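Multiple structures are listed underneath, in structure tokens.
Shared chain: subunit A. Partners: subunit B in the first complex, subunit C in the second.
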Partner chain A sequence: MTPRPLALMAKDLRLVFADGAGIVQPVLLGLILVFVFSLSTPVGHDVSAQAAAAIFWLATSFAMILVFNTLYSSEGSNQSRIGLLLAPMPIQYIWIGKALAGGVLLLMAQLVFLPAIVVFLGQDEVTAWPMVLGCILLVDWGLVAVGSLLGAMSQGHSARDSLLSVVIFPLLIPVLLAGISMGSYFLGDGSGEDLGSWIGVVLAFNALFTGAALLLFPFIYGEY
Partner chain B sequence: MHENINPDVLLELDRVSHFFDDRLVFKNISLKLPRGEVMLLAGPNGAGKTTLVHIMTGLISPTSGTVLSGVPSEKTAYLGHHTFIYPGLSGLENLRFWAGMYRLHKSLEELEDLLALVGLKGFMHENARTFSRGMAQRLSLARVLMLQPDIFFLDEPATGMDAQSRQMLRNEISKARHRGASLVWVSHSLQEDLDQADKVLYLENKKQAFFGLTSDFKDVLQERLH
Partner chain C sequence: MKDNSSLTSLAGPLALAGGAAMVLAQYFIWVYAPVEVTMGQVQKIFYLHLPVAWWGMICFFIVFCASIGFLIRKSPGMDQLASSAAEVGLLYTTLALATGSLWARISWNTWWTWDPRLSTALIMWFIYAGYLVLRQSIEGRRKMRMVAAVLGVVAFLNVPLVFMSARIWRSIHPAVFASEGGGLEPEMLTTVIVCVAAMGLVTAALILLRFRQKNLQERLWSLYASDSRFNG
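Now for the complex of A and B:
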């Protein structure tokens, strides 16, 4: 039998793909961001590697907000949230399931953003693709840990999208800075001396927010 | 919610009171629900029936008082106004998902039988978005029956159902009762549902106005009418 967090993830992905909007909107929003920033330099000039990395992670962050809003609002239409809360399982499974689904959707969006960065921002010196993927997965883990927690927190608020963005961005600063620094290295800028330190920052961030989310989620989502 | 110690009593409430902020919903509700009994929960709109059911299921904690349950959560089922149905999934996929959440190994044939029982086998591959309110409620009933619960919490379960579906619901309630399950049943159709119940809890004026045998409640009703 499929573990319940994976069953939750599979259900969410099925719902998102059946509807389409849950993945198309984040991808389009990110692409628009990349395209608009590509207009910020004169014709013939490329955006710096650091700026390109910043735009990539900004697009990812905006996409993440839409993704988690979609994932958590799907439990509201017929109050299936109550059903999940009554199911005989730790409440944290919901957080894990949503985080996994969000991670998959975010990765899919990034698979579109990466070539867009190359094409629109002139970044053609991408090195060490396996390392790039590893870096993306590492930062994504931190993003979805926070995103899944705050997605749950924002449910029930009429202005949930704006609330989510207001709360989420200050929290994401450390992991975004790390992502930008690592990204700029992989896009051919810098010597990579600080790479180890930034990986340490991301690992610490991931451990902290994963632990905090597991601890806080029942208080945030468990109270009906 | 605490574990109960008396195996014959599935649910016990002791002086349960609840506030929403500083507004009192009800106070000092005490009751025992023995195995195999049906308790009708009635009262005017706003009396706190749904809130009390949520407290009984453990969904919300009472402001004061204790709730003792002898039934593990996997043997508890709730059917309320909301159907818990995902509109983007088919009827079969919805059932399969909830079976997974309860770690139930259900074959395709078993799920088909459940859908046939509630008259939805012919629609099982259709998107639940296309279901009428009554069909959605029947799918929700299939979910509840699938759990084979020891205790049912039914909050106006016949909402949106036609006469045939309501009869099917009564039959299934009767079957569940015969195998020893207990039911807490919120109803607005007292005349229609009273005969199904062993006991009645009537909430009025923020308190337990009546709790006792159905026959006694009928007497009280008669007195009120005269």
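Now for the complex of A and C:
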């Protein structure tokens, strides 16, 4: 039998791709951000590696907001949320399922953002691709842990996109700083002497918010 | 609804004591403490900056504790305490950022710098401003309280990480109490202690006054909701 969080993830992914739109909106928003920020330097000048990494994680963060709003609004109609709440499983499985689905969708969006950074921002000195992937996965874990916890918060709210952005972005600062710093190193900038410290910050962030989410998610999702 | 009158009745005496202590603090700031050689009178900003920064952070800690209390006991009083402390904390952090920026301009020749304490204060300002916006935005008081309590907990848990991440960037903030004597003249240290104590009394009074207002608002709302004439 499929473990229930994986079943929930599969259900959400099927729903997201059912109408053919999939993750078009988050990807488009991210690409627009990359393109607009490419205008921040004079023609012929390269964008610095740190700026490129910041733009990448900014695009990812905005995509994450849209992804989790989509995932949590899928139970908005027909009282489907009650069905999930009544399912014979711990309520935390919903958080895990949504986080996994969000992680998959975010990775798909990043598969588009990464080449866009290379092309639009002139970052063609990417080193150590496996390390880049590891760094992205590590930071994504933190993003989806917070996104899945607080995504439930704005469910049913008319201005949920803006509300979620205002609340989530400041919380994500440590993990975003780490992502930008590590990304900057892998794009060929800096000595990487703080790399270990940044990995420590991300691991601490991920552990803290995963633990907090497992404890606190029932309070948010179980409430009407 | 639980009556919190014994607690809120302390607000008046605390406000009076806080006012008197603030007057005393002015004496210490302008008469007792020596004028700093390099910065001159501008250094006096420090006696406002440090107390509001510290008490702002303590207010956010109160939000954290009250939020946990609300999640455990589901008591509206805990929620009211959390939101009162968040408002006062946000006000103090705004003052700390403004005074810190003035200090930075004179001392470091820049309005802003990526310093761990400055950055942490600014990020906390954003988080708690979002917290207060969230409280206004969510429909349904029960849900709003629950969501605000969860945010009140995770926001404070984030503080050490925000500080650590900002610290990996270079810091130029003075380490006021890092060494023995704190790098301050004894008169300055005494003045700082007096100012922190005075601000503590004002903080307690402000939180309790706001708490009382919210408590009364809740009672009025309950009366309004239970009156059959208004329920049609």
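Just so we're on the same page, the second predicted complex is superposed on the first by the 221 of 224 C-alpha atoms of A that agree within 3 Å, B and C clash if a C-alpha of one lies under 4 Å from a C-alpha of the other, contacts with A are read in each partner's own complex, and residues count from 1 in each chain.
In this text, a residue touches a chain if its C-beta (ideal position, glycine included) is under 8 Å from a C-beta of that chain, and two chains touch if they have at least 3 such contacts.
Fair warning: this is a prediction, and the values are worked out from it, not measured in the lab.
*Asks:* For A:Ser74, select first, second, both or neither according to whether it touches subunit B, subunit C, the two together, or no partner.
*Replies:* first
*Asks:* Using the superposition on chain A described above, determine whether A:Trp198 touches subunit B (first), subunit C (second), both, or neither.
*Replies:* second
*Asks:* Looking at the overlay, does A:Lys11 come into contact with subunit B only (first), subunit C only (second), both, or neither?
*Replies:* First partner only.
*Asks:* Please indicate which partner A:Leu85 is in contact with in the superposed arrangement: first for subunit B, second for subunit C, both, or neither.
*Replies:* First partner only, subunit B.
*Asks:* Need the overlap of the two footprints on subunit A, from subunit B and from subunit C, as residue ranges.
*Replies:* 223-224.
*Asks:* What residues on subunit B touch subunit A, complex-wise?
*Replies:* Contact set of subunit B toward subunit A: 54, 57-60, 72-74, 76, 78, 80, 82-89, 93, 97-98, 100-103, 105, 127, 136.
*Asks:* Quick check on the complex: what are the subunit A residues that touch subunit B?
*Replies:* These residues of subunit A touch subunit B: 1-2, 4, 7-8, 11, 14-15, 18-19, 74, 77-80, 82-89, 223-224.
*Asks:* Under the definition above, what is the set of subunit A residues touching subunit C in their complex?
*Replies:* 146, 149-150, 153, 157, 159, 163, 166-167, 169-171, 173-174, 177-178, 181, 194, 197-198, 201, 204-205, 208-209, 212, 216, 219-220, 223-224
*Asks:* Touching residues of subunit C toward subunit A in the complex: what are they?
*Replies:* By the definition above, subunit C touches subunit A via 71, 123, 126-127, 129-131, 133-134, 137-140, 142-143, 146-147, 149-151, 153-155, 157-158, 161-162, 164-166, 168.
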